[in-house]
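The two complexes that follow have chain A in common; it is paired with chain B in the first and with chain C in the second.
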Partner chain A sequence: MRKDRPSLRRRCFTLSLLLACASTYALPVKAFPHPQQSNTKEELLALPGEIGRSGGRLIVPLRSEPKTLNPLIAADSSSREVIGAMQADLVHINRATQLTEAALVKSWKISADGLQYTLTLRQGLRFSDGHPLDADDVLFTFRVYLDENVHATQRDLLIVGGKPIAVRKVDAQTLVFQFAKPYGVEERLFDGFAILPRHLLEKPYQEGRLGQLWAPSTPPGEWAGLGPFRLKEYIPGQKLVLERNPYYWKTDAKGNRLPYLEELVFLFVPSADAQVLRFQSGETDIITRLGAENFSALGRQQRGYTMADAGPGLEYNFLFFNLNDLGEKSSADLARKQKWFRDVKFRQAVSAAIDRDAIVRLVYQGRGAALWGPVTPGNRRWVNAAIPHTPRSLDRARTLLKEAGFSWSTVPDGDSALLDPDGKPVEFSILTSSSNADRTKMATLLQDDLKQLGLRVQVVPLEFRSLLDRVTQTKEYDSCLLGLASFDADPNSDLNVWLSNGATHLWNPSQSHPATPWEAEIDRLMEQQLSTPGFDQRKRLYDRVQEILAEDQPMIFLASPDILVGAKNSIANFRPAVLEPYALWNVEQLYFRNSRENASR
Partner chain B sequence: MTRPPKPTKWLVVLLLLHGIVAAAGFFAPYDPIEQDRERPYFPPMRIHLIDAHGHLHLRPFFYPLRLREGSFDRYEEDTATTIQLRFLASGARYRLLGVVPARLHLFGTAGSRIYLLGSDAYGRDQLSRILYGGQVSLLAGLLGAGVTLLLGALIGVAAGYFGGWRDELLMRLAELFLALPWLYLLFALRAFLPLAVSPLEAFLLVVVVIGMVGWARPARLVRGVVLSAKERDFVRAARGFGASNLYLLQRHILPETASVVLTQAAILVPQFVLAEMTLSFLGLGVPEPTSSWGNLLATLQQYNVLVSYWWMYLPALAIVPFFLGYLSLASALQERASPYKIEEKTNWNLS
Partner chain C sequence: MRYLIRRTLHAVFLLLGVSLLTFLFSALTPGNYFDEMRLNPQISPETVAALRAQYQLDRPLPVRYARWLNAAVHGQLGFSFAYNSPVAPLLWIRARNTLFLTVTATLLAWLLALPLGVWSAARFGRLPDRVISWTTASLLVIPDLVLALGLLILAVRTGWFPTGGLLSVGFDELSALQKLGDLARHMALPVVALVLATLPMLVRHVRASVAEVLDAPFLRAALGHGIPYPKLLYRYALRAAANPLLSLFGFSIGTLLSGSLLVEVVMSWPGLGPLLLESILARDLYVVIGGVLLSMIFLVGGNLFADFLLYWADPRIRTAASAK
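Now for the complex of A and B:
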């Protein structure tokens, strides 16, 4: 038996050698014959940081299968996460510093009036199939994103001041973006707009079938991108395998071309608990989006992996009341309740009665932050530090309710019930998503908090889709506990939530005119910051928005969970951030300390 | 020769168990919905008689727990102070059997709370919750079984005694009910009800639902008994003498069905307790913060609870003595009622 082993190992070795040769030979054949190969120098981006070693295969779990690999129509988080590793944008937001960095462009310039952006592309860059990148690809990309027939999900972001952005090519490396109005977001706009290969997509675009293109089952030859990895194999229901893009345009400080990893595998693991089990057994290398309880369960039995708490993310959880103006459609019961909900003192009293620290402690096991405004402490640049963190005070809540005309009935048993100005008992229900244990737990805590004020609250866990239906369509609910996660630190990512005509303006969505003076003021401030250049100016405007929200409490902000991740000890350069994708934002720099051990897997 | 086991023995056991649950307020040290937010997932505490220095105490005591250094949910005993257990102590207000206001508890403590069976995610006492939860689950089981048997017996007697097209109709209906996927039916039913239901409404709904779906089986059994009973000679004789239907049913037929109905009752109660637990486990039963055995177990749906806090399984153990009691009672009743079995036994003894 023992004799067999070396020979077996040798055979494996030769086999893998053969495979390696095959792939190196295969590449130039498959690659596009480059027209201007020799005379242009590649202008690569050198990243600072630890120098790694190449090789290895990183296995990452994905909550659901990506619906598409087409960045134009991708809307679900799984698709976006996969595409993030396969595509690149002109200017990129560094997830750790939350600041912009030059990516496919080497520099950009904004004219003094803020209407003209001049971008210069890096020279000599190539798509993952070897075809060179030039300004025509960028031109094509933005034409496609702006085309109404394509239905690109990010199209709205390119409409500034009611007019689409105009893109003009100056020369093969230089482009000019013309805006109708100054745009406050400035170059952050470009983050997330994947530059598409014109040589592959122009024909399908003209034939009008771009929307159907690039399903996950696309043959790798018909796909190309500028990201660190490129498509290799897709097995439905199981996994998506990406391989190293040999033309990637980033290097480490020593000039080694990134990424270090040979393969990146997305394993489809549907439930959070199953992800924990897979990670625990070593089948996956990284785990993200962990709940606090799973996090400490994993941390307790650490074997060869490290758990990391990246701090509060951008998710904010809140309670909101039904403030919709339903007119005659409204039931008498709801109309009676809405009289309380519309009273700002009632909302402030509810807010004052909530024990936010207990929420952080019991729901997030201390791994989270209590919230008094919509911007979490994780969003370091935009948070308004002046918003008071008022601790729980039942006395203040009682005073507020008294001022609003509420009173208490005295029951001999000692439990007193809150009565509204008409003498009716105050009762309402809180909707939560039944699939989210954290939020149901929060609602149960609120129930007990409010009971001490004499409010009778019922918690109604509902399947998420019917919950959304009630909140946004039928509007038959009293109050609802939900969470939202901004995709970027910039206030514009939540424009839809704060503008009174926004579809996610949850407490009273899609209004034709702002229903209250404070909603009108928020509208005005948000519109104003949209076209105000300069961070300080915008910050001042957004600070005021945060103040209004904290004062009028259309949403009673509760808490924000920390971003909790785990990774095998052998993974180096692992620096989780609080912005998506939490662990994979620097996937090109990740490497295995001991690559031999890994290669045998 | 072994004599058939006496049902009375099991009846006494069951009465005792139900008595404890009915008087939950006395046996439970705390209010089941009172949260102690400083002590989530507190492990069960140990009662000591001998302290850390080896001294014997006459009164049982326990050590308060404190968080272990650098941990969120691991606790250790703090042996610096002892807290004595007090028997027949005055504590949280409650109503005995839902009527008599009282403050007396079997045991309690001065100062720090004691968690004999640990605490849940909100720091609520698990022992109190199991005892109070039993009230909901057992009452739902008993009422549900009552509704079922009443319906089942009525329909079974009607079908068996009157026969003909009525029998056909009722029995086809019973088959339809047996074939219904009642869990999905319940999901659908819940969608039609108002969004927020109070614990009492939810409880009544559960009772009505489990009572309504179960009648088919006892109805078929009762029908069988009635069919054979009404052909007995003494029944025919009575009919020949001009006895009315009502007289026949009261005097001769219903007594025949008694043993079947009683045995069914003993089988159905635990079955319906389990049904209530299933509904609550799926979130269709009584809502938080009211406890029932089903929604106590519902936290086990979360993986981390499953692996981290073993005392959250304890509500599942609470049902074991009840089920044992009911099922033993059922088999004792059955054995008493079936003459064939005794005949078999005597035959075996003779040979």
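Now for the complex of A and C:
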């Protein structure tokens, strides 16, 4: 018995320690005061579609924590995804139709010369703290986005024709945006510019503190937005909880105010595999950004959830060669290789030797699309369907290489080795990101494809930032396999990739003059479509850009993965799109079918 | 006293050296936080350059180190590029979760290791000892990662435990008892993973130390005087064998912050592990340096504590120190 006493004491101590810790983590819930709902003047937006039922808590995993809730400085995808559910823009791109639709404005008018946009705000709208929205908030928003001292990441989008857009208030609901040049993007420009509450932010802006505001740990009372959800609670390392914004300005077809969900919880789950496990065990309701392997694994053992393949997204993966003009800084070895890389026939031969269908089959398990141009089939409006989908042809590749002066020699082990016009063997390396398993696999497949041409390729997986340093700073590389995901379906989102003076013109960035005639032609076409109004004319110009890129192959386009998502069967109105945010773009319309599930959450 | 002052001074110099080396290695690694922005076609190089200047990444390395050291002395560990906020609170909130996990696991591991090690030593060479030896050897060769993944598979297959995190989403709505249960269920797998990873080493050390002491003449004499065997083991043998174990205990304290990083990442525990991994990959320089420094403080502090304990527990060290 004597022995029992200390052990019981120890047990009690452990229990009380655990209880104390448990209560430490039970942080108090901070909430806004309840709103006064009656507002007869509100011009709400009624959405068509299935009528849902209110309530419930949707749990969504995030790969990393949102770094900020401040739309001005948000640069990472997690912050953007969260902010997307908390903020609203003047005009919005419908992620399903890829077309624009009125959001905070009820209408807009573009002048005949395309230089002046007149936008009329909906009446009676309020921020999530109940404060009314008017034209001064919009004026303030664009003033801060354009202020160089704020370092807003989207500022460059508001510089048209080298000059910032001028914004003028006409009355409390009407604003005029003045452009220096006609802007082909037209009203799509306004998508993604969250309208900020002047009543909360003007003072910090004048004090120069705007960039430091709205960290996720901001007290909910100091934050306001116009999106379907508002800030409720943030627990570092664990979760961000949003609650329904009672002032949201959208309703369903029956006039019920959206969103249906009472809470939206972003759970921080740091790895893709951990996300799969938590979805599988029912701890999260939706999963996005799935790789093909995980998608298949989840699809095989569906337990109360449905997996959906939304089709190819806007990500395009490509191989590009180092075409930088490095002058004296270039090593003799790289200078020798650059002679081949600059020869269009060499690039075309490499492209012809690549088995794109095998990439889709082996890397994406068939859930992707082979690419011959930069625009993926997911971008339905802008893809140039006339670009030929030439199947792999080693004969064509050999013919092209012969025409370019290359030859073959038989090496001792029996394989033939490709020799350049100077009789030296053709060998180069492909840099790829070691953290992206799909691209590493792609590079290995390319290595195998090119070996059959007698080309010796070394695959060099590098940590992503070291790779970027090599490609964008030191420029010490032969070729690189990368991927870019367009932000929007409009070609202007990739403007800096195609313009020769663009910083993301990866194969030879920031040129003072176009290095080649075809780059000069692309520059001309892109500039022209930038200021051409009307979709059809712009499409013709961009089709030509796609043709030039497919012909001259500065990037050898490879494949685009499908957008793969999953959701519990109880979630209704779930319609994944190929534009970000893939699953939450209509979060205000999502609801739980099962009322019991609602109640239990 | 001079012994203690000397050890403390050593610790301070060690921390200075580590901070300098970490700063140097982190700063000289190719790439920086803003490189990924360069790949965003919507952000101009001028904006990236302005951000670099804002965070003083364009200043020379010695200037940056001097500024950081000055701030660190005043308790600030710099500014995170990614989180746009001071590093110290970022680290502290997560370090709290890490400590909660590792202190529990370390205590549990020691509580199991002492009786198991002593029991094994008392039956040195016999079947129970061999079983323990084989089990600990098997556990030692299994990497932490495999252990953690195996436990996760168990969680998914059985549904008995959550597959990650610290608390359930609806934690606030639970009763006090349910909260305790929820926390225990979330802690169970990471704690088991950590205990299984550290237990074999501790058991083998305890076993070896105690087995060595058990042959000592004074213990044979004590046994001959009729002192009961359990009392002999736990009161006299364990005490005599404590010297290497105290050093090991100091080392255990030293690994409190850094020992669980891998398990935290695999099991989505909201501690320092996921933050440091993300920061290293994103080149969030000051968070990495802050994290390494914090771990070093624990390691140095743990060793210092072990030195103090040894000084207190072992008269030979006291006499040697005073003789000098």
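One rule holds for everything that comes next: the second predicted complex is superposed on the first by the 553 of 601 C-alpha atoms of A that agree within 3 Å, B and C clash if a C-alpha of one lies under 4 Å from a C-alpha of the other, contacts with A are read in each partner's own complex, and residues count from 1 in each chain.
Everything that follows uses one rule, which is that a residue touches a chain if its C-beta (ideal position, glycine included) is under 8 Å from a C-beta of that chain, and two chains touch if they have at least 3 such contacts.
Quantities reported herein were computed from a predicted structural model and do not represent experimental measurements.
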Between chain B and chain C, more residues of chain A are touched by C
- Looking at the overlay, does A:270 come into contact with chain B only (first), chain C only (second), both, or neither? second
- Query: Where does A:291 make contact in the superposed view: on chain B (first), on chain C (second), on both, or on neither?
  - Reply: first
Of the two partner chains, chain B (first) and chain C (second), which one does A:388 touch, if any: first, second, both, or neither?
-> neither
**Item:** Touching partner for A:461 - first (chain B), second (chain C), both, neither
**Value:** first
- Now for A:162: first (chain B), second (chain C), both, or neither, which partner does it touch? neither
Chain B and chain C footprints on chain A meet at residues 277, 466, 470
Per the touch rule, the chain B residues reaching chain A in their complex are 33, 35, 37, 40, 72-74, 93, 101, 121-123, 191, 195-198, 283, 287-289, 302-305, 307-308
So, in the complex, the side of chain A touching chain C is made of residues 15, 18-19, 21-23, 25-27, 29, 57, 59, 64, 67-68, 73, 75-76, 148, 151, 153-157, 211-212, 215, 235-239, 265, 267-271, 274, 277-278, 280-281, 283, 435, 463-470, 472-474, 482, 484, 487, 493-497, 502-504, 510, 601
Within the complex, chain B is touched by chain A residues 272-273, 276-277, 291, 293-294, 296-297, 300, 355, 358, 361-362, 365-366, 413-414, 429, 431, 434, 437, 441, 444-445, 447-448, 458-462, 466, 470, 476-478
Contacts from chain C onto chain A in the complex sit at residues 29-32, 35-45, 47, 50-51, 54, 82-85, 90, 93-94, 97, 100, 152, 155-156, 159, 162-167, 169-172, 176, 179-180, 182-184, 265-268, 270-271, 274-275, 277-278, 281-283
